[in-house]
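Next up, some structures in structure tokens.
Next come two complexes built around chain A: one with chain B, the other with chain C.
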Partner chain A sequence: MRAARWNVSKLGLTYAPALLYIGVVGTFGILSPSFLSIENFLNIFVQCSAVAIVAIGMTFVLLTAGIDLSVGSIMFLCSAIAGVSVVRGDLPISLALLFMVIGGLFCGVVNGYFIARKGMAPFIVTLSMLFVARGSGLWITQTRAMNLPDTFRQLATTRVLGIPVPVLVLAIVLITAHLILTRTVFGRQLYAVGNNPVAAERAGIDVPMVLIAVYMISGTCASIGGMLTLAQLAAVSPNLGQGRELDVIAAAVLGGASLFGGRGTAFGAVLGAVLVETVRNGMNMVDANPYVYPVIIGLIIFAAVFLDSNRHRQLARLRKRKIRTEAS
Partner chain B sequence: MTRPVLEFEHIDKSFFGAKVLKDVSFAVRSGAIVGLVGENGAGKSTLMNILSGILTADAGWIKVNGIPFAPQRPDESALAGIALVHQELNLFPNLSAAENLFVADFPRQGSKWLSWIDRASLRTRASELLEQVNLDVDPGTLVEELSPGQKQLLEIAKALKGDLKIVAFDEPTTSLTQPETQQLFSIIRRLKERGVGVIYISHNLGDVMRLCDQVVVLRDGEIQAAGDKDSFTIPDVIQLMVGRELETLFPRRRNTPQDVPVLQVRHLSQPGIVHEVSFTLRRGEMLGISGLMGSGRTELARILFGLDSYERGEILVEGETVSAPSPRKCVDRGMAFLTEDRSLEGLMPSASIEENVALVGLEEFGSRFLGVLKRETLKDRVGEVVRELSVDCRRIDRQSVKTLSGGNQQKVVLGKWLLGGSRILLLDEPTRGVDVGARYEIYQKLVELADEGVSMIVISSDLEELVGLCDRILVMSRGEIRASVDRQDFDRKEMLQAAIGEERLT
Partner chain C sequence: MLRNWHLPFVVVLGFGLLSGCSEPSEQLRIGVAFETLQTEYWVASVEAIEAELRRRNIEMIEAVADNDANRQLDQIHILIARGVDGIIVSPKDSMTVIPMIKAANRANIPIVIYNRPPADNDGQSVTVVADNYEIAKATVEYMAERAVETGRKYKAMILIGDLGDINAIARRDGFDDAIRPFSDIIEVVARVPTEWSQDKALSGVTSALQVNPDINFVFASTDFLFPPLISALRTAGKYKKIGEEGHVLLGGFDGDPLAYSMLVERYLDADGVQDVYFDCAASVDAVVRMHQNQIVESIIRDPGFVIHQGNLEEKAGQMWGAQIARSND
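And then the complex of A and B:
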């Protein structure tokens, strides 16, 4: 009896974020029937795809107990590069997309190099990159908004087998990231580095290479996020991606990543991003006062992290080895 | 005579101009166990770090099977068949047991450019290794769910991978219980039979004498003596290690405990943890708690100090009931808890000695208005305490605690509580990882304090320590007190029996 109760509470605690999500969906479903349509869910996924992808990249960084504040600016810089090559350079879109990825990779390598090889604090290095990348983007666009041809917009509206392209891209990134984290040597070593870099070094893991790799992954994910945002807007505006790094960190943390490293999953990051977008979408559906949105979202982030820290304490207590078995 | 599998020849190493190894030469034969002993700071760990490629020697060379070998990185030594079981555990609690075993060389499948972990082979290879050390857990178990002893066995299993030629154990028994230690020794003897050369580093000289074939004594980076273990006695070795004769490891008490109860525990119970624990601690008494790891001794101390809750029972300090104890309340009543894990729970490692010592008593040195610190008074008092405990340090206001040896760190923790005016000390493994010389100084200080009327509960796995130090020993097993033995009746065998209880240990 007692053991059964333990198991139930253990299960509940383990899947707390998923339960929270089901709760949110249920509430809005009752308040507004059209909320529960498949079309609306596809819409939610399209809306949050950019943040979700960047949050997956951020999860890699958070796993090493690092942080990447430059992702919002990288999204903008890459978009600016694409805008300039298509509008001014008249280059094909495929080449523009390639330049975006190269731009994201490059920013990631620079971040990773100074963090891994020079031992600088991730917060500072990526904060500098935040300014440098946004500044460079503003420089090459001369702070003017730039309208892109319609073909670019089609990237966001085309559907394959009824599924919008952004959602497909998200699915591909998610599955790739999940396989990297759980099935590859790099992925498992990443968890080791995040937990204890000194022990990882001693075990013969190439810690600097792992660190450089995670910032490269984060930069690349930011460039892909930039692509999707750009496709949805069909224009490079000077404030594209501004402040996005905070949404992204919030999504990753909502999904269970720890800022202290060693904990987090790709699915969690996507769940976090989807949760925030679901709340925003749901409030829209029930005609809530728009000024209330940030308040609610802030409270949900707080509640989720609060639950999470409690959950870990509770789980640790449930797992604690019993010294004696009480006679019942 | 078998050939040497490992030779150190004229190894020198300096850190910032200070020589820590001077012309160190010795050999390990295949199928031999060499005990490497010396005080903390004698250079044992430095030598092992050179062997494993974490550090490089300034001069001299290492030969493996007669071939010169100079590892630059840990994986190079692993490739050469050298394994090191570190003093502190290098495990990743967020990974599984199997993943921890193969974290640097996962079995892979796929091509060079696109490869993934071969999970089936990972599992079978991990099972084989776990079997070798008699660790009966699923390879997929997360390491955070293992007990300290199981973690140590896992760390050892890690060393047994591949074509092992040389294995060095650096203090492997500090977190092991007696039966687990026996198990480790049988593993080491099996390695010996396989022809592996073993280096065994330990402060426990009894273990070294029981286990090893040869003994090498290191002091201040120089070899003092090396030879067959039969040519040494333990007192010889101690003298070689410290360079002076220790009167006896355990100082004599001048006073006996007074018949005044300071801490009374009545029928303390917490389901699954402790059951009906009752005892009285008298003023100036040194009360030992013996028991195997996982017997509830640490948990009992945590409850007494208000860190964990209890369901039934009563705790009285100086005759007054403490309701709902919390660490704050306990400190206010003059209690102190020196935890097993100094670096994690007892110290601020990067802060200075002064800041660490001042921490608990800080409030007393604040002015009445706004609590502005009286820095000079504080500095003087901290200086006094540090001198009194003879902490071996250069500057108490600049030097960070993490640069001190284990023994000196423990003295700093002790100093912190003494400055705070503690009268009841709960000591959990007070000399864990502390070398013989510093151990003696800590014992001396503890006995002095007891003579002055400070009461203490000493929790230890080291029966010799409890027998040498305490006025009375309680034996715990499965959360209950099984026996209470007075000084004149100490009998090691009987206490071990009580500790093991009716249950046979796995």
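And then the complex of A and C:
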């Protein structure tokens, strides 16, 4: 009996975020039947694909106990580069996309270099990059909105085997990230650096190189996120990606990543992004009072993080072996 | 101890300070502090203010706060410390501007609030603001009258701005009050909060169109949200020109270059226009007159206007977005 209760508790705690998600889906499904359609779920995945991809990159950074505040601005800068290349430079879209990735990679290298080689705090370096990237983007666009050719939008609307391209891109990034984190030496090094950088260094891990790599991954993911956002909007607007860093960090933390490093998964980051978008989508579906949106989203984020922190404490307690001392 | 070789430096420094403090320069200097330059509307506003100041041979000192109200307050203090003759500020919201007004009042420097009126306070300032409520109401009324002409029933959606922005609230109220008399043929089925964000607008409009695929009347509280709206309508196969089967009655607010293009291409039915040139000229005029100790009314309202297919040629000259669009061509 006690063993069965223990198993149920363990199961419930292990899958707490998934149970929360099922609860959210169930609630909106009852309130609006069309919420449960396949098309709507595809829509949710399309809408959150950009944030989810950037959240995967952010998870790599969080695993090392770092933070990347510049991702929203990198999304904008890369989009601005693409916009200028296509609209003013008449370059082919494929080249513009390549420039976007190079731009994200470059910003990541700069972040990583100053954090890993110069020992500067990630918060400060990436905050500086936030301003530099956004300022540079505004400079090259001159704060003018740029409407891109409709072929750009086809990147977001095209379907392969019935699945929208943004969802496919998300799946590719997710599987790649998951394999890197779970099946490679680099992945294990990441967790080691996040748990104890000094011990990791003593164990022979090149900690600075690991740090540079995670910021490069984060920058690249931000550029891919920018690409998907741009494809959906078909326009470079001056506030593209603004404040996105907070959505991205929230998604990663919702998915179980720890701000103190050493904990987090790629699947968790995607689940976090999907959860927030599901709530937003559900409230649109039931035509909720606009004032309620931030309150509900805030409560869901709080509930998820509260459940997660409790989950780890409780699981640790349940797993602790009980040793009885013999009476003297 | 002052050494001999220090003396020339001290004399030069002293003259410099005296000339800076005691002889007021003839040219006026006006500080222009904007909360952001991140939409074309704000850029057009700064450029129009700069042009008006240049026309009057007034020097402009510009500051941009990048959406940070605290930074903007610091910038106002710096402008005051630099001894400007007047300040034009476009604040982040109606509350955070109050300490800026108080600071300018203490320094006896006239201050004009551009575009976003301050909340009730006992400070002295002049506000130049578009009549957001009336312009939005007139725009939606025009759309509703077109809807009546078709003899069909309509399902409406509004894209609401940031609920903390008094202008967004005024536009939403204008929409509601304009729609109410037409409630027999227009039913509001979706209210999408966007926080002035294109990403959120795209997500919200896409969801709303999924649950209500028959939405055929849309008002965007700013033209800035047209790109995501167009994208979502295109995906749903609903972005059609006026006169085409399935055309969605579209309205917006601001008068930006994209809205002008959409009017010309006959996708957009009506757009409420803030008269940027009037607002900017009135702001400069007010701050100069306050500096000359003249009495200026505390609120100068820009009545704005509605531009639509019927008056496009006539009104395009007053539409700031049309000027930019034409200069880009």
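Miscellaneous remarks
Everything below uses one rule, namely that the second predicted complex is superposed on the first by the 324 of 328 C-alpha atoms of A that agree within 3 Å, B and C clash if a C-alpha of one lies under 4 Å from a C-alpha of the other, contacts with A are read in each partner's own complex, and residues count from 1 in each chain.
Please note the rule applied: a residue touches a chain if its C-beta (ideal position, glycine included) is under 8 Å from a C-beta of that chain, and two chains touch if they have at least 3 such contacts.
No experiment lies behind these values; they were computed from the predicted model shown.
By the touch criterion stated above, A:153 is placed in contact with chain C alone, chain B being left untouched. In the superposition on chain A, A:179 contacts chain B only, with no contact to chain C. Using the contact criterion defined above for the overlaid structures, shared-chain residue A:195 touches chain B, although it does not reach chain C. By the touch criterion stated above, A:91 is placed in contact with neither chain B nor chain C.
With both structures placed on the common chain, the touch criterion links A:263 to chain B but leaves chain C unconnected.
Considering which of chain B and chain C touches more of chain A, the answer is C. When both complexes are overlaid on chain A, the residue A:229 reaches chain C alone and has no touch with chain B. In the superposition on chain A, contact is made by A:203 with chain B only, not with chain C. Against chain B, in their complex, chain A makes its touches with residues 179, 183-185, 188-189, 191-192, 194-196, 199-205, 262-263, 319, 321-326. Every residue of chain C that touches chain A in the complex is listed here, in rising order: 37-40, 42-43, 66-67, 160, 163, 189-193, 196-200, 202-204, 206-208, 210-211, 224, 227-228, 230-231, 234-235, 256-258. On chain A, the positions that touch chain C within their shared complex are 32, 34-35, 37, 39-40, 43, 46-47, 50, 131, 134, 138, 142-145, 147, 150, 153, 156-157, 229, 232-235, 237-240, 242-244, 277, 280-281, 284-285, 287, 289-291, 293. By the touch criterion stated above, chain B contacts chain A in their complex at residues 54, 73-75, 78, 86, 90-95, 99, 103-106, 108, 115-117, 119, 145, 147, 271-275, 294-296, 299, 478-480.
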